[in-house]
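Chain naming follows the written order as A, B, C and D, and within any one chain the residues start at number 1.
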Amino acid sequence: MKKITTRTQIKVPFYDLDPMNIVWHGNYVKYIEEARCDFFEKLNYNYTSMYNDGVMYPIAKMDLKFIKSAKFGDNLVVECILKELEPAIVIKYNIYSGGEKILSASTMQMAVDAKTGATLYQAPEKLVKAIEEYDE
Amino acid sequence: MKKITTRTQIKVPFYDLDPMNIVWHGNYVKYIEEARCDFFEKLNYNYTSMYNDGVMYPIAKMDLKFIKSAKFGDNLVVECILKELEPAIVIKYNIYSGGEKILSASTMQMAVDAKTGATLYQAPEKLVKAIEEYDE
Amino acid sequence: MKKITTRTQIKVPFYDLDPMNIVWHGNYVKYIEEARCDFFEKLNYNYTSMYNDGVMYPIAKMDLKFIKSAKFGDNLVVECILKELEPAIVIKYNIYSGGEKILSASTMQMAVDAKTGATLYQAPEKLVKAIEEYDE
Amino acid sequence: MKKITTRTQIKVPFYDLDPMNIVWHGNYVKYIEEARCDFFEKLNYNYTSMYNDGVMYPIAKMDLKFIKSAKFGDNLVVECILKELEPAIVIKYNIYSGGEKILSASTMQMAVDAKTGATLYQAPEKLVKAIEEYDE
């Protein structure tokens, strides 16, 4: 499978901070979703395309490792690396602040038929094609 | 119009706190929504009923006055008072902590036909009936 | 008082959507906060400067009018207009999507001494100077 | 180590729903935090006690497995099971809806000296005592 890595910039907003004046740990789930949406956008296969094709990609598994904490105004870079496509989409994430890795994470998504709810163990053709055509 | 007042208890969770160790101001919008859902639930006319009836009630206007701040673990009481029903639903809110008022707010919601998107200036019959039948 | 208007771009993320596939109304509070932080940043008087100067600016009042709804991926422009500085900071907001206004809002913030909690009815000197020196 | 299991009830609020009309996956992080806070509360060793003792318990690792989705108004039961205490606190979570398991998760927290930032590999005495004295 073709190796695809994308990078997304996120600036830490005030409303994501907790009483320790750092990003509340649960908010990193938003950052990796933003990066994942951007990943699919860059593949020309975004949320709207999926929706129109009747395929959904719910998260089945997610893990996060917190290394350092992010602060207000930090310019984070979220790296998405496509690791597996079938039978499930596995993406690995690294978040960097000032060049230093502060978090690593991964998600596993299943392709699901939006009408029947059935799990699709083969990646939808459009997604496979989008990956093949992706030019970094 | 019949006067209806309901009360909903909310315990402040950790994830709603900001760097000042108090509830971030935007989170009160969640508290008043929770209280409003509870209000309609107590009227036996909840979100699911509305949805099944094909009527939506988007918020058209909202204002909040912040008097005091809430802290982790505070047991808040959110009071909902129905003020107007037509042409729009106006609800007033008071949030109390330890008997002291810490916030007042109000929302205006329009009834909208879910299919056509048309504004309904008369309150749906079911809602009027639910209010009439409500017993405090 | 000098008229200052700033503009901030926000792209609607997936996690801000509600069951109607539009931005949940409470999330606009985040968008106007982001724009306000950007406003103060552009003034060279950001959250960190305020914090170091021992002055806080809690929101005392906020109102929002919802005109149209924003959707996934919309590129919003949030306009901040400084309306009043003393005795309280009043900012007006307009959110545009594709050139069309979808929301208007305003906030009132009091300057508060972080140590004593006392309200400051005169704008801090640094803020006044930052406004004077601001060049659009 | 003594086995401790607590249960916390959470009712799914409207604002946690996503366009599929189910709870957005990232919101389960809030539910397990609420259950964990309740766990420590029931141990008589809550967030405020920790804070006063100068010990923090940041999340170092978290993983979630999504089995089924929760809907508006669902009455969830979040089960917390203390698995390890040293060198890190490991808690396992199960979320049930209508008796059916819909999510399993786990968190690893390090005890950290709030002043020095140093990791404490031995559980603080107060926490050990709180666990010993806990009566189910």
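Following the convention adopted for this analysis, a residue touches a chain if its C-beta (ideal position, glycine included) is under 8 Å from a C-beta of that chain, and two chains touch if they have at least 3 such contacts.
Just so you know, these numbers come straight off a predicted model, no measurement behind them.
Engineer: Comparing the two chain pairs, does B-C have more C-beta contacts than A-B, or is it the other way round?
Structural biologist: Comparing A-B with B-C, the pair joined by more C-beta contacts is B-C.
Engineer: Need the most distant chain from subunit C, centre defined as the mean of C-alpha atoms.
Structural biologist: Using the mean of the C-alpha atoms as each chain's centre, the farthest one from subunit C is D.
Engineer: Report, in whole Å, the distance between the mean C-alpha point of subunit B and the mean C-alpha point of subunit C.
Structural biologist: A distance of 24 Å separates the two centres.
Engineer: So what's the Cα centroid distance for subunit A and subunit B, whole Å?
Structural biologist: Computed from C-alpha means, the inter-chain centre distance equals 34 Å.
Engineer: Residue numbers in subunit B touching 2 or more other chains?
Structural biologist: 14-15, 20, 26, 30, 33, 72
Engineer: If we count contacts the way the header does, which residues on subunit C are in touch with subunit D in the complex?
Structural biologist: Spelled out, the residues of subunit C in touch with subunit D are 14-15, 17-21, 24, 26, 72.
Engineer: Enumerate the contact residues on subunit D facing subunit B in the complex.
Structural biologist: Subunit D reaches subunit B through residues 13-15, 30, 33-34, 37, 41, 46-48, 72-73.
Engineer: Touching residues of subunit C toward subunit B in the complex: what are they?
Structural biologist: Its residues touching subunit B are 20, 25-26, 29-30, 33, 56, 58-66, 69.
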